[in-house]
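Note that the chains take the letters A, B and C in the order they are written out, and that residue 1 is the start of every chain.
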Amino acid sequence: MLKYILKKLLVMVLTLWIIITLTFVLMVSVPGSPFNSEGNSNEIVQQNLEKHYNLDKPLHVQYLLYLKSVATLDFGPSIKQPNQTVNDLLGRGFPISAELGFITIIVAVISGIILGILAALRHNGIIDYMAMGIAVLGISIPNFILATLLIQNLAVNWEIFPVATWKSPMHMVLPVFALATGPMAIIARLTRSTMLEVLTQDYIKMARAKGLTPWKIIVKHALRNALMPVITIMGTLLAGIMTGSFVIEQIFAIPGMGKYFVESINHRDFPVIMGTTVFYSAFLIVMLFLVDIAYGILDPRIKVTKKEGE
Amino acid sequence: MKSNQHPQHFTKDNAPDEWFTWRNKNIKEQELVARPSLSYWKDAWRRLKKNFLAMSGLVFLILLVLMAIFGPIFSPYDANTQVLSEQYQPPSAEHWFGTDGAGRDVFTRTWHGARISLFVGFMAALIDVTIGIIWGGISGYKGGRTDNVMMRIIEILYGIPYLLVVILLLVVMGPSLMTIIIALTVTGWVGMARIVRGQVMQIKNYEYVLASKSFGTKTPRIIRKGLLPNTMGPIIVQMTLTVPSAIFAEAFLSFIGLGISSPNASWGVMANDSLGAILSGNWWTLFFPAFFISFTMFAFNVLGDGLQDALDPKLRK
Amino acid sequence: MEKILEVNDLHVTFTTYGGTVQAVRGVDFHLNKGETLAIVGESGCGKSVTSNAIMGLIPNPPGKIIGGRILFKGKDLTRLHEKKMRSIRGVDISMIFQDPMTALNPTLTIGTQLMEGLKQHRKVSDKEAKKRALEMMDLVGIPNPEERLKQYPHQFSGGMRQRIVIAIALICEPELLIADEPTTALDVTIQAQILELFEKIQNVTGVSIILITHDLGVVAKIADRIAVMYAGKIIETGTKREIFYTPQHPYTKGLLNSVPRLDAKGKLKPIDGTPPDLFSPPKGCPFTARCPMAMEVCNKIYPASSDLSDSHSVNCWLQDERAKQLLATMVTN
């Protein structure tokens, strides 16, 4: 198990390093200096930038100092918003984005698993077709289109929910719904297919031969094994929810990190783009790592194969 | 014990005497009823045809491709000519899908958008498949150390958040048709490579591959003739999922200001441009691009599902 | 002797893509208390379907018992409600599956899987359940049972896993044990150990056993009586001695000739051809097309059962007087 964790840790650090390096290389290779763009004539900002990125030093020194500042979680100043550092923006925006993401993933996982199990247990029945119909639609309709439809109908026309911003639970309903539908659909389909496969396994037949009740067979024997693959895609789903939140936060005017990120893209505010990318990547990679560890704990086979193997 | 299920009601006691003769050997051969054996692809096609949803998806996609090619020809309007007097016309006999805020015909623009969205989708899928097959094929076939190194690279690339890298690349390169396709495929091929590798690893130990190896067949030939045809199923299924996710990614990029804007707009750009318009009641400007994005993704998804069922040898009976 | 199980005219079908498969077509047999009956046949002959039918584990759809009775201690199992059937499964009738590698849930400990049947059917405390589990581990010959209970299936070898599966099947002290190819997936040396275990268990618990197998070697070791199954029908039954020394059906003879034996000279003779398609089974004897002794009548009427002794009966036209005359003329020519 320790070896398994160490190996995953190594991959994690390598991936992080590649992303940080990639952002640096890309920024340096932007035609002209990204920190000199025409719109930027503010003296103070320019000085801050030069100081943070050590623009007066040779490239390799810049790179090393950049690595150091990232390692100490200092992402430097913003170009377009003087007197604001990237850290300020993250500190303000990230908690809101994290809240949105957390609620979304909870909603998506619970509803997706329930939908998937119902579909599998009523294989080829009406519930199955309905659940999978919902799931295919959920995957097919991009979240920004769903969000617009929701605002148009539920907020503007029928006035059931507020149109935008992030203040009360009522404000959360529409953005969470728009953001959770896609991941929910993916989880539902995956749960259904693995559940169907697990239900044909010999150990399920064996459990039936023991005279266990169907409820016990499903909860104790089938579900746990069927949910393993769901855990493996959690990382991918988190990434999807995170990038999805860029758009959703913009559409619903939620003052989260995603909104600042999109604004920074539109303004070509490179330090913010770099900082946010690195921060989000690091966040996701750590999440992926935790998912891997969780999987290792839940599946008893991994411990031994990793111990014996290699 | 009774045997009354036989229509003749013959039993041991009343069986006619003349039937007690040895059987002619030739009769035996006549009775060997051979079940028609279908080839893999024919069998898969037979099963796909039975899947109504998948076939509807296929038909929709064929029609979509045809309209993307020929649609603009039938339209009297140009996709980019702005007619300010014709702003926000609702759908009518003249403008089937209405006009947008700049007085451009949405019908014509939709098919132009289809060209771009489909081109991005298919190109991304094609490049993914090419790199994925080469990488996964070599990695899986060579095995051992080569495989180990190649898989570590994949593992690291897999950990990099896909859309973040795409955004980063586009911010630097500037959004255009070419750069979007490049950005989408830089790490996009990883999934395909994994699938190909898994398939190749499984098949390479089958008898027929070992046999051709023992005859001294060269590696590229074994990969081409022995392995690839048998890995095509999962590859095709993966492709049907890559195309819509590329179309989605392109639309997503349009929304965060990294879309292709000139000269013709993609569906994503059209939808993004119309976000404000729908609040003022001009729903059609958003509806048509949004409908086609969603329905194209839907068609690819159901087709992919259908293909997966049809091509899965486990279900063959 | 007391009959613990009696199967009469059992019919099971499966509805699939290509049509309806008549997997079991009128099977009759019985099992006496404390004996071991082997059901022998090629794969696909319906022997596993028969055992699943007894357990009430035919997946419906696509499978369905369309006729016949399964009398267990006088109760017709085919008419029992699922809830009632559940109180019989694992308690009165237990089953052992072919592949011990897949029969155990990889994510649960051996102890959990061993005790859950007991906890389901009997009101026992955790302590009692554990005591019973340890007894069972001991009975099936697993060393360090206390420690082994906490381990997962992947920490056991194939033979050890099959011992666990047997322990699971026996923990509620069933009266009938159905073993579906219990040694097929195991190494030859392990096979012998498992067979010895079966004998030991029968001596200790007095359980009646139905052994489903295609391996006549296994049968020779532990069966009391044998039923030979072909294309969804039982074509010959008898004691082990009768089937091995005086087989009557050409198929039974063929089976015996295709098994390597130390005492017999000459080559192994495989049975030519393949079993008939059970989508549209022949109305006569299903073995006709492969039978070296086939007559015209064989293809037209299914032969009735002829009794050769109290225990030995066969469904074959060669038992008919007219066939015996035909044989006699052939020999004189």
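What we mean here is this: contacts are C-beta pairs under 8 Å (C-beta built on N, C-alpha and C of every residue); 3 or more make two chains touch, one makes a residue touch a chain.
Note that the coordinates shown come from a computational prediction; the quantities given were computed from them, not determined experimentally.
Q: Quick check on this structure: which chain has its C-alpha centroid closest to the centroid of all protein C-alpha atoms?
A: Per-chain C-alpha centroids ranked by distance to the global centroid put B first.
Q: Suppose chain centres are the mean of their C-alpha atoms. Which chain sits farthest from chain B?
A: C
Q: If you average the CA atoms of chain A and of chain C, how many Å lie between those two points?
A: That pair's centroid distance is 53 Å.
Q: State, to the nearest whole Å, the distance from the C-alpha centre of chain B to the C-alpha centre of chain C.
A: Computed from C-alpha means, the inter-chain centre distance equals 46 Å.
Q: If you average the CA atoms of chain A and of chain B, how many Å lie between those two points?
A: 25
Q: On chain B, where are the residues touching two or more other chains?
A: Residue numbers touching two or more other chains: none in chain B.
Q: Would you mind writing out the residues of chain C in touch with chain B in their complex?
A: Against chain B, chain C makes touches at 16-18, 26, 28, 277, 280, 282-283, 288-289, 293-306, 317, 320, 322-323, 325-326.
Q: Over in the complex, which chain A residues touch chain B? Could you list them?
A: Within the complex, chain A contacts chain B at residues 11-12, 14-15, 18-19, 22-23, 26-27, 29-30, 136-137, 139-142, 144-145, 148-149, 151-152, 156, 239, 242-243, 246-247, 250-251, 262, 265-266, 268, 270, 273, 277, 280-281, 284-285, 288.
Q: Under the touch definition given earlier, write down the residues of chain C that touch chain A in their complex.
A: 55, 57, 86-91, 94-95, 97-99, 102-108, 116-117, 120-121, 152, 154-155, 165, 168-169
Q: So in the complex, which bits of chain B are touching chain C?
A: Residues 1, 3, 5-8, 10-12, 15-23, 27-28, 31-33, 35, 317 of chain B touch chain C in their complex.
Q: Which chain B residues qualify as touching chain A in the complex?
A: 152, 155-156, 159-165, 167-169, 171-172, 244, 248, 251-252, 255-258, 271, 275, 278-279, 283, 286, 290, 293-295, 297-298, 301-302, 305
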